[in-house]
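The two complexes that follow have chain A in common; it is paired with chain B in the first and with chain C in the second.
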Partner chain A sequence: MLAYLIRRVLWMIPTFLIILIINFGILRLQRPPLSYEMSGGQSQEEAGSRDAEKGQANLKNHLGRLKRTGNNLPSLINLRGFVDKDDMIEILEDLQSKTGVKESERYEQELELMISGHMSVEPLVEILKDESLKSLHGPASQAFMMCAYTPLNYEDRFEYSSEELGEIQLRNKSLADMAINYTNEIDKAFKVDDENYESKRENILNYYQRHQSIYVQSERRWGAIFGDTGFMVFMGKLFTGKLWSETKKRYVFEVIAERWQVTLWLNIFSIMIAWGIAIPLGIRSARQKGTLEDKTTTNILFFLWSLPSFFIGSLLLHHLCTDSSTGAALFPHRGLSSDDSLWYGTLRYLLDIAYHGLLPLIVLTYASFTVLSRYMRSNLLEQLNADYVRTARAKGANEDKIVYGHSLRNSMITMVTLGAGLISELFAGFIIVETIFTIPGLGLLLLDAVLQEDAPLVMGSAVISVTLLMVGFLIADVLYAVVDPRIRSQYG
Partner chain B sequence: MDKGKITLLVIIALLLAIQILDRSREPEQMLAFAERIEESQESLRQQQVEFNIIVEAIKEKGIELTGGGKGEGGHVDPLRDGKPKLYANFLLPHNDGHFNPTYVGGTLKVYQSSPKGLNPIVENSATASDANGYINDSLCSFHPRHPQLWSEGLATSCIISDDYLTYTFYLRDEVYWQVPEIAKKSEFEWLNKKVPLTANDFVATFETVMNPDVECPQKKAYWDDMESVTALANNIVQVKWKVKVYTSLNTSMSISPLPRHIYSFNEKGEEYSKEEYGLAMNKHWFDEMRQAVGVGAYVLDEFTPDKVISFKRNLDYWGRGYHFDRIEWEGLVKDQDPQLVGFKNGDVHAHGLSPTQFKSEVLDRNEPRFAAREVNNPKAGRAGEFAWEQVRSRSYSYIGWNMRSVLFNDKLVRRAMTYAFPKQRIIDEVYYGLGRPQVANVHPDSVYYNPNIKDHVFDLKKAAALLDEAGWKDSNGDGIRDKLINGQKKDFEFTIKYYASSVEWDSTLIIFKNQLREIGVVMTPKSFEWKELLRVYEDKDFEAVSGGWRFGLEVDFVQLWHSKYAEEPRSSNHCGFKNKRADEIAEKLRNTFDQEERIKIAKEFQEIIFEEQPYTFFRSGEGIFIWQNTDKGENNKVLGVEEGLDTYHPLYSREKLLWHLSKE
Partner chain C sequence: MADTQMSPMQLVWRRFIAKRSAKIGMWSALVIFLTGTYAPFIASEIALIWWDENGLQFPAFASLFNRLEYVHRHDLLFNLIALLLPIMVLAGVFLRKKFKLGNMVLSCIGILTAIWIVCQLPLIPGQDRMRALWDNRPLAQEDIGNYTKNPDKVFAIFPIVTHGFEQTYQGANLKAPFTMNEKTSQRFWMGTDVRGRDVLVRMLYGARISLTVGLVATGISLIIGTIFGALSGYFGGWVDLLMQRMVEVMMSFPTFPLVMVVVAMTGRNVFIMMAVIGLTGWAGTARLVRGEFLAQMNRDYVLAGRSMGLPGWRIMFRHVLPNVSAPLLIAATFGIAGSVGAESGLAFIGLGDANAPSWGDLMNQGRQNIKYAWLIYIPGIAIFTIITALNLMGESLREAMDVKS
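Moving on, here comes the complex of A and B:
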């Protein structure tokens, strides 16, 4: 039995990792375009309206944040260290406006270069040194200014001493005013358009001369292939608990810690209710197969099943939870407890919670009755038609003993599998129920995170829900062993 | 074991569980109890202050306690008319005539999405700046009745010199920073002192914004042209600008001070080094503790992100403050439906309705507590148990024509499109009457609006005639207009791109499409997600596109209409509007400070825009505002809303601070 359990737990680890990678991949695909991120997040509030007074955002000022989220790095493989002068020339030439190339795509590429950091400095300087490449010196100088910049954020306060910080700040400061102006007209080559071209270029080369040691990256490039990637930054933050939510301005797990209990309790109760009602219903239906009662329950359950829960939820909210002109509402419209429930005695407190939780639980569970009880019914029927039941009947065993003593236990095996899946299904249901009844749980949090495109928070919530699912599977595995003697005997 | 024993065990287990729960709740209850005692002490102090206010008011005005107040009228310097001018203090005297001591009291509750933090520099969300507006004050302010006129705030005098490049402010005396809640704790005792406001606090704001390590790109962009903020004396602030630009006026007048006696220290009370300061500001311990202080009328009381943020009266405020003792922002309820239910159940005092909610609740009479709409009485909504009123917002929507495309490079065609667009009908049918037809590029409530322009009202015949005149005729009899362009026959067919999540635009474009079909033009609507639509604007990748702009009261035409932006990538001039005269006057407007001159320029500009029709202007935004209009015994009826709607500027008519709650 122990061996069985250990095996199950060990299996969870690769599953967990794979789910994480897939999740991360999808979120990274969904990463908002850099240009959008840097324009300062225009709100969608007023259907398609934009702020007319929004100024051009300051690009450098975004670097600290990008560095913090790992969004300045490639997702899974980082080959920036292998870009040499020729590659860089190609990259720069691609930034040329051309007919047929959409400006937003071109701009996105430009931004990608701008945020690529110290690894791009060396090839850029080589281009700037080369007099024959003068036409590229405009964009190269701008990229140089951005790439040579060392973004700082609050975490660096603890990593560097004051003197080191001062040094970096001084260095960053001296990087101003080095951009060589240039023209980028459609289908024409870049052209330097700057009176101070010579002095600016000299500045750049001088600067590089002085700080060369910082920017030589050839030793680091192999380690960076897998080390300096968005995924590694993310994993590092995940396992040290430092995942940071930009929209909440707090650590992700701190936010989740406040919310998960509510969802878990709702989960436990709704599973208990769903099973507590669906299984007896299924048994009763199976035993009375074909009667009017069986048909009625079946029809009612399918009717319920076909009603979407957001619809039922809103209906209940508007009709049972809203004060009318004639009287107060039957049920509370929000939360899981009254405002002053802290002052209630414990029994009243529990009753208060039950009163608040009733409608949300109904909305969460009514749909699962159908599936569960239908499965229960058909499984039990299958068992009741089996040979051993006929034998038992022939021996004259009474019907209750046959159903509860023999068939039920056998038909529970399928139900256990269903149960594990149910946990994750309910998790989706919470988003709707928590939004409608304003319950501060994980569902509401997740919805918020998705709407505000807060990737770390979404990932954090996903990790929690995956963990819940895994735990669900583990419990199911244990229950298998309980209901199925074959598994127990296999593992001794 | 038999069943009886099992039952007994279960019962015992349950009782134990209840006992454990009981015990676990005790410490929390004790804490809450202590808090309650503290609160009641506080409220005693507050009543004392209110009493003093009333006594003071009686002394000042005799027995009369209604409205009026000092400041309005009276004997003041004629130069102090609130209109910016050189070399004279033009600020209107501080006016707290709105304040009536008998209205004092109560808690105002509204839904407001929760700000992430309250740092006055780093946070740039609208809610964060609203919250800071309650807690903190700025150099100068305006009354919602006259949003164009400046009056005293923290500064009692403002003198502009050096051809609008230098602003000198004299600060009010005896203004003290609020003491934060945490100063009561022993480890933060160093904060427990009364700190006076000085000019250096304004310098701190400037220096923090300009610090390269501080992450506030939006603010930096606005402050880019500011050269310096200096403290000439303890009570004199001087703001200098690099260039003469009209926006400098607004930006200078609305600088708020930064509590540098907190932000430049770490949690142990040690001063940050110069190197650390900028970095620390991005994630400051003071913000992490959910604290904020200012010199404003309200003190931050409680801040739990995504749940609640509340403010209470600042008992040491330099002015007389506002009527509410507390203001509570409810941040957990975010969905439209639960919010409306919450409003009906009395959770909040005021709220808004979406067009669809307006249709179902008010027009379809699904909620009898809202009064029915009456055609000739815009104030009919005030009669119900829940009052409602149509209010204006600072936005307009439009259909933009790409002036680079062969279809729309002719202004006759663009004008024809406007004639074929049934504006009023769509506003009535799709938006249920919420909105007014927009004629040109200035909001009708702005002083810069040109009322002399008469709109091209829907007329298909005129539209058809204009298309004929522009050379678009149906030559092959297939029902679609066509024209020879560069020797090739081109049908008048185009795609319009619009914002996908808007039901209203869906219906609008279907109506428009059918009208166009009648005059032989084929339009295909195609919807886009918001971010995709932004790319459409950036790439100028459209023939026609829907859109909207939000505005302040001031106008600036360069960003949207200057021809230097017509070909520039990612500019806001996505239609490619080019006009020499328009460029000239847009630039002139930027550094003209005289208001009459500005109005003249803006009016001419609108005429050019109207003549050219780069957009078919559609509607200026309106919404439905609702508030509690009956007393349910909990003092939840809001008063003063009607006065605001009737007398304040339409865009500031919902100034919550000037309301009050029913007393009985």
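Moving on, here comes the complex of A and C:
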């Protein structure tokens, strides 16, 4: 039994990892919103210093946004540390030749260069040091300004210590000061040979001399191949609990901690009620096969099975939860407790929750309950036609004994397998039910996150949901071992 | 004695069609399919027949393949079906003796592809005759005054409902069923939605989306699942083990949230929705096919094929697959019902294609404006009908084929 459990738990790890990777891959599909303004203002005629500053600010915002979602790093393998001087020359020459061709195309390439961040600083400095590459010094110095910059955002207040934060801010400020001196030429920088580049170069090289230690990548590049990737950053944030939700301005797990219990309890009650009704109903129906009662039950269950739960939910909301001309609503239309429920006594509080939760529970339950009882009936019928039942009948066993002692135990094996499969079906159910009745649970959170494209929140709630799902599967496995003696004997 | 001369498929068909539930299911599904397919002829602002001094025109037919007229890609597919269905039925009735079924299906697919390619061509400029087919000039009721000098001589036949599916009527938001529309002096038989569009017309066109998503998504998942299950069952060993683990992962994957996330991240598009529903739903099919394949692998005909030196894919897909098609057919029927439900559910929580007229989207409007009952009842009953019809067909098919669930 223990060996069986350990085996099942070990199987969960790769499943969990694969699910995480798939989820991560999907979130990578999201493209960052592109904006023209960031390369120094849309209208080039009046590209004054104000526009250039605005462009710089937009750029910083954009880089910060990329950093927040981990989109500034490659997904799984990071080879940016291996960009050397020659590659960088190629990139810059490409960029230089592209100027004036097409704003958006150039922008894409600039972005490519900039999101590599600190990784590109070393080859850029090598180019700046090389006297024979004067034509590239203009773009290189501008690229340096962008790559050496450390975009900060709100969540960084929690990630860095205050000294580190101060240092980064100082560094950024000196970079910005340098950049503002050049803003007038920021558009020209890629296009023409700049005459003042000598002084700029001096400034940049001085700056690099002072802060060299944080930009040196040559020792880190091997560790960065797998370590400094979007996936690892995400995993690190996930396991240290530092996923930051942009829309909620809080840590993702803090938001989820308030929400997950609601969903969990709703689902536990729903599963319990569904099994509690479905099994007796299925047994009763199967034992009375062919009678009018059986036929009616089967037909009703069939139609209930075909009724989509969002239809039933909307109907209940319309008829029972909305004030009409004839009178006030019977049930509350939103939430799982009254607004002032904190001041209620225990009993009243529980009654209040039951009152609020009744309709959501009905909608959540009936879909799985119809499937379960239909399967229970057909399964039990199959078992009742088996040979061992005929033997039991022939030796004169009691009918109750046959059904409950022999057949039911056999059909429970199939039922538990089916129940495990139904757990993942519950997800569709509770997302829809929480949407209809505005219950602040995981499903509504996930929907909000998806609609607002808050990637960390999506990932966080997906991970928690999948974890709950895995626990559900584990419980199903335990039950499976309980009802199936073959497994117990196999694993001793 | 008659039974012995029939092929197994004919036998199943006879047993299937003898059931009342199967008949009800088939007819309801057929009615929904036909109303969806012929929606432009039932409800459209474009005239069916237009006869003025310039001659006789059929604007509704012309606009079927006018690329400026149809909005969504799946509409083109249904327009093609609308045109080809009578031809195919007639050919099926008259040429049944001469041609084999397979040839006929192949030629129909060929015609469809050819028309599809022609439809992708740019608008043809030049001669007036040529342009008439492609002309972007829907002849609607309002045009009678503008288009011709003497409106009295125009003879035009319009569809029963002359409301377009994307046409919004000012000030007609959320009107109850049977309200009169002053502009066209016609009733909104099923009321209007939030933006003042006719619900009846949107329901008709919504059938197209539901059916397309159901069929395509199920097709994708069936193809992937069959290949997966066949390979797994045929080769066995570590291939089987590896593939079973993958199936297990897919089985434990919560499909609905996954589809939600993908649709939200990549854009609200019906085709992406279909692809994702199909790509996530194949695990059940794979498991089913694998089980059937394992049962078939010990049969003599497989051994015979192997000893003759047939390649593996030929044994798998030419010989074993037809023997396991019965459970696949049943799974397909239930799969379509499931995909239709999934699409409606997604549209219901607001993740559907924002422009496409979909049943779930109408229900979403009903949920947000909860007082307007017809926005819940009408699409809800339609979704219920199509799912019930498909489930009835699946159940009857299961009983007719005598397959254990």
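Rule of thumb we're sticking to: the second predicted complex is superposed on the first by the 343 of 492 C-alpha atoms of A that agree within 3 Å, B and C clash if a C-alpha of one lies under 4 Å from a C-alpha of the other, contacts with A are read in each partner's own complex, and residues count from 1 in each chain.
Heads up, the rule we're going with is that a residue touches a chain if its C-beta (ideal position, glycine included) is under 8 Å from a C-beta of that chain, and two chains touch if they have at least 3 such contacts.
Bear in mind that the values here come from a model prediction, so they are computed numbers and not experimental data.
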When the two structures are overlaid on chain A, which partner does A:Asp156 contact: first (chain B), second (chain C), both, or neither? first
Answer with first, second, both or neither: which of chain B and chain C does A:Ser306 touch in the superposed model? second
Taking the superposition on A as described, I'd like to know which of chain B and chain C A:Val471 touches: first, second, both or neither. neither
Contacts of A:Tyr375 with chain B and chain C, given as first, second, both or neither: second
By residue count, which of the two partners contacts chain A more extensively, chain B or chain C? B
Is A:Ala354 in contact with chain B, with chain C, with both, or with neither (first, second, both, neither)? neither
Is A:Gly166 touching the first partner chain B, the second partner chain C, both, or neither of them? first
Does the superposition put A:Met272 against chain B (first), chain C (second), both, or neither? neither
Output check: A:Leu317 vs chain B and chain C. Expected answer is one of first, second, both, neither. What do you get? both
In the overlaid three-chain picture, which partner chain does A:Ser325 touch, first (chain B) or second (chain C), both, or neither? first
Of the residues on chain A, which ones does chain B touch that chain C also touches? 314, 317-318, 321-322, 333, 435-436
In the complex of these two chains, what residues of chain A are touching chain C? 11, 14-15, 18-19, 22-23, 26-27, 29-30, 302-303, 305-308, 310-311, 314-315, 317-318, 321-322, 333, 375, 378, 382, 421, 424, 427-428, 431-432, 435-436, 446-447, 450-451, 453, 458, 462, 465-466, 469-470, 473
Which part of chain A faces chain B closely enough to touch in the complex? 32-33, 35-36, 38, 40, 42, 44, 46-62, 64-65, 97, 102-104, 106-107, 152-154, 156-157, 162, 165-166, 169, 172-173, 247-250, 314, 317-318, 321-323, 325, 329, 333-334, 342-343, 346-347, 349-350, 435-438, 440, 444, 448
Can you check the complex and tell me which residues of chain C touch chain A? 245, 248-249, 251-258, 260-262, 264-266, 337, 341-342, 344-345, 348-351, 360, 363, 366-367, 370-371, 373, 376-377, 380, 383-384, 387-388, 391, 395, 404-405
For chain B, which residues count as touching chain A in their complex? 18, 21-22, 25, 28-29, 32, 116-117, 124, 212-213, 215-218, 220-222, 224, 273-276, 278-280, 282-283, 287, 305-307, 332-335, 337-338, 341-342, 344-347, 368-369, 385, 393, 395, 397, 498-499, 501-502, 504-505, 530-531, 533-535, 538-541, 546-552, 556, 559-560, 569-570, 572, 621
